[in-house]
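Going by the order they are written in, the chains are A, B and C; count residues from 1 in each one.
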Amino acid sequence: MSPAFAPGALQDLERACPSGARPGTEVDTIDGVAPSFLAYPKDTREVARVLKTASSYNLPVVVRGAGTKQDWGTPPERVGLVVDLSQMTGVVEHVSDDLVVRARAGTPLASLAATLAGVRQRLPVDEVVAGSTIGGVVATGISGPLRYGHGAVRDLLLGLTVVRADGTVARAGSKVVKNVAGYDLPKLFAGSYGTLGVMTELTFKLRPLPDQRLFVSASYPSPAEMAPHLAELLRSQAVPAAIEIDRAEPDAAVQVCALVEGRPRPAEVRADLLSRVMRDATVSLEAPPWWGSLPGPVTFKLTGAISAVPSLIGQARNCCAAAGLPARLWGSAGTGVLYLGLPSGTDPEQLASILDQLRTAASEAQGHATVLRAPAKSKATLDIWGPVPGLDLMRRVKQRFDPGRLLSPGRFVGGI
Amino acid sequence: MATKQHDGRPLPTYVETAAEDGHLRSLLNDCVHCGFCLPACPTYQLWGEEADSPRGRIQIVGQLVAGAPVHGAAAEHLDRCLSCLACVSACPSGVRYGEIIEEARAKVERANARPLPKRLGREAIFALFPYPRRLRAARLLLKAAESTGLRKLLHYHWLSSHLPAILMATERLAPPVTPLERLPPRVPARGPSRGAVGLLVGCVQSVFFSHVNAATARVLAAEGFDVIVAKGQGCCGALSLHAGRMDEAARLARKTIDVFRAEGVKLVVANAAGCGSAMKEYGRFFAGDPPYTEPAAWLAERTRDLSELLAEAGPRAERHPVPMRVAFHDACHLAHAQGIRSQPRELLGQIPGLELCEVGDDTCCGSAGVYNIVEPDAAAELGRRKAAAVRATGAEVVVSTNPGCLMQIGAWLGSAGCALPTMHVAELLDLSIRGGEAPRRPLTRPST
Amino acid sequence: MSPSSPVAAAVKALGSVLRSGALLTDPVELATYECDGLTNFRARPAVAVLATTAEEVAATVQTCARFGTPFVARGSGTGLSGGSVPRSDGVLLVTAKMRSVLSVRPEDQRAIVEPGVTNLAVSRAGAPHGLFYAPDPSSQQVCSVGGNVAENSGGAHCLKYGFTTNHVTGLEVVTPEGETVELGGMAPDTPGYDLVGAFVGSEGTLGVATKVTLRLLPMPEAVQTMLAAFADVDSAGRAVSAIVAAGLVPAAIEMMDALAISAVEAAVRCEYPAGAGAVLIVELDGPRAEVEEGIAEVRRVCEEEGAFEIRFAADNTERAAIWRGRKAAFAAMGRLSPSYIVQDGVVPRSSLGDVLHEIGALSEEAGIRVANVFHAGDGNLHPLVLFDDQVLGEEERAEELSEAILGLCIARGGSVTGEHGVGLHKLAAMEKMFSPEDLETMLLLRSAFDPEGICNPGKAVPTPRLCGEPPRPCQGSHPLQEAGVAEIF
């Protein structure tokens, strides 16, 4: 426990959070930074009291759901308090006729899915990282295959309850699928890495669970050979719910898999159409083993205009092959979001050089290259986020929401 | 009540009253300001400014009713309206914009709100156009100019850049002078008669488009109608009415009503969209003018556009093939003012071998009565756009139902280096019924 | 505007930075910009700028920032919440003339357009490539993309496709301080906060959009449009719930009640089944096989819920005929009543039937007719409260009724606006829907973008009266207090 923090903080935190507060230990480090305290609030009220207390002691706060993505982004500069939301789970409200659910932020995505499946509904968000909570998924804005057909998690988020740095509780959005009253703060919070407030409850719109899912897979020797098929897939009237690619190693064949969801008979017709578009494709009830799994342990994220995906794949290959690195590339060809996984032991300088090249490639593709996760020691030398257009405005947003810089300081773009 | 205005001029017989403003106000009230008419409006398409949109003009008229002065910007934006009534077709609220702009124009006219040169130009136009006899004289002058090469000269000479825009526009648009085809007072039906119909020969039409009138009479006769070319008829008053010159319009309309009443015809056929639409409005126009209320309504009820009548009656004469690609342009006063769209297409469809191309863009061509003379710049741009749209169809001939449109489109196609023949629907039908050769050269003079 | 007024200096400066002709000062012309589609809020701007380029927009905003002059952006002026009502002490920045489609990139499924381009023009630009722009407000032929972005506009097909916010991937924005920034772009997930997401729906209070990148989608292979007539709104409402519960995701489910039907019949003669107490328009689109099975299911559900007549559109003409009535509905109300208020509230779908009943009861009680036309699939109600402004007191009663309807929406956990925005009209309702803390949190965002409070001040989010030190993000207070700035009729 860092002596920098005033005595009495723990007692006050315990008082604020009867559900649990304790001093931090080595095992609680957040991306290499040890916290002074941890709190385990069970509801929004407790979160509010905890944050109020933390702000009175000037304790920088990092939120933790299941802790599966604490090594994403830049490491926080200081961690006074970890607000652990593992106690805040479960569905608060679910009117199935409305296809809307409100759940606590610490709810694991998987358990929400299980609940919803009971009424043949789902939140069409992939569990890209096993064990993720809904709060963590929203905070990082991570998306998987279903994004192509259903939008990113930001597109499904209707409303939220958030606790600001000073403990003020605010709601934004609503629990109806259509609402333009006031600013769309849910969009602002999605992907904000816990730097604007602590989300405690989230409301999503749901979709019916499809009767049938068919995976249509094909493999192409090179991105160039894949390109025309991909273009045709995008134009196709089969309306796939996902168009994914995977390349296990720099020179491996490019696997493409499109997902069709719907009623059984029409789904077959559509899958058939896709398999013709993809040529020599196989149709299966099972997803390929690589489906929806984030490569790693070091992960770079690459984005670009959709038509640039084949060239991005090619460029990623070139820089990894040149470095002699076994790198796996995976992502959504349909949305232009790719992830490159590199071995854990990769030399930081090598990582920096690859990142540089990828950044050039991504910028040509009108997208960006960022570091999703990397060992703490490499991160210190990497430019995690790269150029950020509109950074000045973002700083001002941060300044208004968190003038004391107490929420995950330093974790986000431009040191926000 | 005073009989003179403060400047000594006699008070117009068409007197503005509080009741009229009340009427105008209730017309304005129908507008819910939704803006659905904006994209349909040619001047909004050109400039994208609210004051040059139907919604904006309605708002301006509202300002006038509320007491704003009737000059400057207000008059200018109202003048720029083509009265094409595309906004009426687009309006889901049923706003009767035609009436609004008519009454507003009367206000502008009465207020003498325009700058002097503009006013003089308009006076000149209205001293000429509605009068076939004066037009005939003008026609002779034009003919002389043509034969002496003077007309050609006008185009090259520095004169063209120094003469007033109004004059140049008039010259540019004036059709080549074709021989006058005079019509007998009565053209008998071929075969058993389907009834007697009066034919409005019009003012400009009778002088510069006598061939269209002749074709109309032949087609009607071939289709079994006795055609009565009522003697003594002149301008129907449409041009004046649409320009807000109410007294003049009333005078001309009364005469037209009298002439056709005297003939006692079953129906009166107009082959110029603007005339037909004005005549159909007579009833409303004279609603408050008791001696003419009933006769005006009588004529309004009996007025038919040529295509309307023929489509309703069904074909009788045999059609011979006219193998041509034809671009059909909707005249605003047919499509928007009279809601007649399918009928001319139906007639064209009856002609074997004819391939109908839609122009796609149904925005006004910029002709709009005397608009292309009084607002030459806007009209020119609209003409250019229309010519481009017509060209894009790849048609060999342009067909419409209004002589003004044909002059305008013909002139701008010529300017674009794509001089296509222009024909009235009546001419094309006439051609098909007679089994003649299709024209392969422009019927209007290609402009340079 | 007197020569000594604060805005006069700004107007003078604008004259020197803008091309001649860009500045509108004639009072008659200015008055044509005094309101949007909600005509009871009006103000004549001190001056209007008819911008044709992003540079002109930036120059205008910079000048406003320099002089602290409030400015309001305006697209096509079809908004229904008074969002683009000018300030009499400020500049109206009209983007309607910026109407070029800058590029269509079929291979990236994107279009880049200027803000004055109409919604429909985007779909038209995509059409040759087999693409379309999904959000389709009923005003699509005239409303501008800039306005859509500001209002996060929706449309009949948003049930399946989402709203404007789900289809904007990039923006070029002139911030209230006059800086031009690029947010988002062709690719998703630009690093940093999702400021595109925050800007969409901000009702012109966070800056002026000068370029918009939109997502285009492949046109569906098949579209099936069905019209089902019911004896009453109850059974139609139940059918809506049943369709959704059956796991179907139609592109659109729209409902009209008897009064609304009679208005559109008068306006566009759409010939809906006689004697219908309510009609549903259900449209399915997508892969042909999927649509065919789906529409059969919809039919079954509707019949089960008591539809007495069901029509299918055999072709595009018939489809257009079915839609014609729906699309003309608002404006057609002019045929039924000299004046009306378009309300825009949202309730959870499952309570549609109950809420419609309650609206009926309120309407009867007040002796004011209410026609219902709405996006049933989204639970987005558009009660049209009809009144005659010539009848003394009727307008007030209509206003009260319309407020009461919003009360019903709030009570059901719904929203006070589903697509028309808050503007000036819903400021009071915002205070009922949100707590002072909620509103204050929204204002944090606003003050980050617009510290001086000059960008469309006094709209979208009311300034709450909190104890303590509230942020001071906007200059204009509640419009009711700004007498002379925006008159309220």
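The rule is simple: contacts are C-beta pairs under 8 Å (C-beta built on N, C-alpha and C of every residue); 3 or more make two chains touch, one makes a residue touch a chain.
Keep in mind it's a predicted model, so treat the numbers as computed, not measured.
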Hey, how would you classify the chain contact layout here, line, ring, star, complete or other? line
Looking at A-C and B-C, which one has the bigger number of contacting C-beta pairs? A-C
Ranking chains by how close their C-alpha centroid sits to the total C-alpha centroid puts first chain C
Separation of the C-alpha centres, chain A versus chain B, in whole Å, is 65
Distance between the centres, which are taken as Cα means, of chain C and chain A, whole angstrom: 31
Using Cα averages as centroids, what's the distance between chain B and chain C in whole Å? 39
Can you tell me which residues of chain C touch two or more of the remaining chains? none
For chain B, write out the residues touching at least two other chains, lowest number first. none
For chain A, which residues are shared contacts with two or more other chains? none
Contact residues on chain C for chain A in the complex? 105, 107-110, 130, 151-152, 154, 158, 162-163, 165-166, 175, 179, 181-183, 185-198, 200-202, 218, 220-221, 241, 244-245, 247-249, 286-290, 292-294, 346-350, 375, 378-380, 413-422, 426, 429-430, 433-435, 437-442, 444-449, 451, 460-461, 471
Touching residues of chain A toward chain C in the complex: what are they? 95-100, 120, 141, 143, 151-152, 154-155, 162, 164, 168-172, 174-185, 187-188, 190-192, 196, 207-209, 211, 231, 234-239, 262-263, 265-267, 269-270, 273, 301, 303-308, 335-337, 362, 365-368, 370, 385-386, 388-394, 396-397, 399-401, 412-414
Chain B partner contacts - residues on chain C that touch it in the complex: 24, 26, 28-29, 31-37, 39, 50, 76-78, 94, 96-97, 99, 116, 118, 120, 139, 141-143, 266-268, 328, 330-335, 338
Contact residues on chain B for chain C in the complex? 29-36, 38-39, 47-51, 53, 55-56, 59-60, 63, 68, 72-74, 77, 91-95
